[in-house]
Amino acid sequence: MRKISMFVVLYVVWCLLVFPYDRTTGQWDTQSLLVGLVAALVVVVLFGNALPDRSCFLLAPRRWFWALVYIPFFAYYCLKANLEVAYLVLHPDMPIRPGIVKVRTSLRTRVAITALANSITLTPGTLTVDADEDGTLYVHWIDVKFAEDDEATREIVSRFEGHLRRIFE
Amino acid sequence: MKETSTIVKTISRCVVGFIFLYGLYIVCYGHLTPGGGFTGGVILASAFVLEMLAWGKEEALKSLPFRLAKPFDSAGALAFLVLGLLGLLLGGDFFVNVIQKAYPGKPFSLFNAGIIPLCNIAIAIKVCASLFLVILVLSVLRVAAGGGTEDDLTTQEEE
Amino acid sequence: MHYFLCLLLLMVGLFGALTQKNLIKIILSVAIIEHAVNTFLIMVGYRHDGTAPIVDRAQVAGSSFASGAVDPLPQAMVLTAIVISLGVLALMVAVAMRLYHTYGTYDITEIRKLRG
Amino acid sequence: MINLLTLVLIFMIIGAIISIWTTDLLSAIIAVGAVGFGSSVVFLLLRAPDVALAPVVVEVLMLVILIRATVGRDVHTIGSAREIFGLSVAAVLVLLLLAFAVHAIGGLPEFGEPVMARVADAPASYYLENGLSQTGSANIVTAVLLDFRGYDTLGEATVLFGAILGAMTLLRRKSRTDKPRQE
């Protein structure tokens, strides 16, 4: 099942790469489509075992819906953090307290933890330094508001966690 | 040695297949768009190298075992030579594009240009296998330099 | 002007290869020389406002394409040279690592002394 | 565009000087990587997309190989360069060569005028005119590489094969005649 979904994704990417439709003549390039099948098959045979765990979430439309919802949600927090960091930078005193805090997440799968870590990194002001598989993240924070683990977790992690659980778990 | 973090591992798993597919695209379309056997071969090798750096030697060897990589290295070079000799036998000169002379394809289509795509594929196999081997061997010596002579490559080879 | 800058890059690499004592630094200098020579060769084939030597689907190959494209010959040679340089670099690094394995240093004056 | 080309070339020279100058091996390697990426940009500006693709990936593998050679050894920093005498001799030699080279480029055509435009029946113009019709390959560089000049590519593959074989032989392990490994 995993391999089939991987095959479909790879084939779609191949079609986007070569674009096998000639607009002037209106013909489909069957040779490219054929070679694409072979190429996607080769990749699946070579790297089929190297898939992230539980990647069959690609087939559930509900998860796609939540992923679409996540985009504006994430953009909102990203914008907010941007303004905050801009305020910190433009402030004459530069009231920053940089430091690394340890936060915990209840997400379990690797993909979800990675998505969470990358969301934190993409948000200005916070940057994931390291992530363990048991859900411990080490986050560099430009302005440490809460040194305690639990409060920092609530501030940084919780806003993304719920959505990511709906998408990936 | 410290393990790479979960982020690197997961992202490399997601990306490595696409890198390999892009390399195949570069190889197959070398006669129509920029690219070709060398570039594509290096991209293919870099996919394996990424897997090796993120997941360790054992995982990469699962995808492309050492005793498979060595024959691939030789087979790529040999296939290229055979394609040249084909021209010598059928066309009279070394590297004559016999297939293009016999069956000229439609311009700008994929199955075209005779032996050129085949040569591209042969070179890509050769470059990919040999670069992967070099980096594998380099990393193995790094382990061996620390303590003792650890040589799982030779044991695997002699299996 | 551009030729001159290229030559300057070449000379920087040459100076490094002549004066450095560390094997890895010498390898890096050789790599710089390779980059300089590749860039110079591509420059020789450049044509003002030229097009890349790839026939577009829209235009038909002919004299108009031939008089407007840059020189494909140096490009093919440079493409060959780049891959060879990678192989040679691997060989150089292998020799250097073997020397380090034997003598425990990358310094060529030390190595010369140790050999006796 | 010409200004951009000059800027990138100056960037490459600065990277080269840094990599020669610094005493830290890792930063020297990274500086050479910057020079390689700069050369890729130069190729792109000079209308050579075929060649511009190669340095990017080659440079990445080069970095991996070189960092493998340095990381984990106690050679991160190195001493100063050679003594004054060797330095001055090298400088004089390099300046002399530079003078010769500057004299030599005076004989070249101006930048932007390829040699093939001057020679009546240059092979390059032949390749450009007949490449597509004779080989069927739209990418003329590939046509030259694999059809018109297949010998060169065969030699290149042989060189690569030999280099890789040499590297593997050197790095295999201690030679088999050495003392047996102790379990």
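Chains here go by letter, A, B, C and D, matching the order in which they are written, and residues are numbered from 1 within each.
Note that a contact is a pair of C-beta atoms (placed from the backbone, for glycine too) under 8 Å apart; a residue touches a chain by one contact, two chains touch by 3 or more.
As the structure is a prediction and not an experimental result, all values here were calculated from the model.
Simply put, of B-C and A-B, more C-beta pairs touch at A-B.
Separating the CA-averaged centres of chain B and chain C is a span of 22 Å. The distance from the centre of chain A to the centre of chain B, with each centre set as the mean of the Cα atoms, comes to 30 Å. Chain B and chain D have Cα centroids separated by 21 Å.
The distance from the centre of chain A to the centre of chain D, each centre being the mean of the chain's C-alpha atoms, comes to 37 Å.
Shared contact sites, meaning residues of chain C that touch two or more other chains, fall at 52, 54, 57, 79-80, 82-83, 86-87, 90, 93-94, 97, 100. Residue positions 33-34, 36, 38-39, 42, 108, 127, 130-131, 134, 137-138, 141, 145 of chain B each touch two or more of the other chains. Chain pairs that touch one another, listed by label: A-B, B-C, B-D, C-D.
By the touch rule above, chain B contacts chain C in their complex via residues 33-34, 36, 38-39, 42, 108, 127, 130-131, 134, 137-138, 141, 145.
Residues 2, 5-6, 9-10, 12-13, 16-17, 19-20, 25, 28-29, 32, 35-36, 39, 42-43, 46-51, 54-55, 58, 61-62, 65-66, 68-70, 73, 75, 78-79, 81-82, 86-87, 90-91, 93-94, 97-98, 101-102, 105, 108, 111-117, 123-125, 127-133, 138-141, 143-145, 149, 152-153, 156, 159-160, 163-164, 166-168, 170-171 of chain D touch chain C in their complex. Those residues of chain B lying in contact with chain A across their complex are 5-7, 9-11, 13-14, 16-18, 20-22, 24-25, 28-29, 47, 51, 55, 59, 62-64, 109-111.
Of all residues in chain D, those touching chain B in their complex are 49-50, 52-54, 57-58, 60-61, 64-65, 68-69, 72-73, 132, 134-139, 141-143, 145-147, 150-151, 153-154, 157-158, 160-161, 164, 167-168, 171-174, 181-182.
Residues 26, 30-39, 42-43, 45-46, 49, 53, 73, 77, 80-81, 84, 94-95, 97, 100, 104-105, 107-108, 112-116, 119-120, 123, 126-127, 130-131, 133-135, 137-142, 144-146, 148-149, 151, 153-154 of chain B are the ones touching chain D in the complex.
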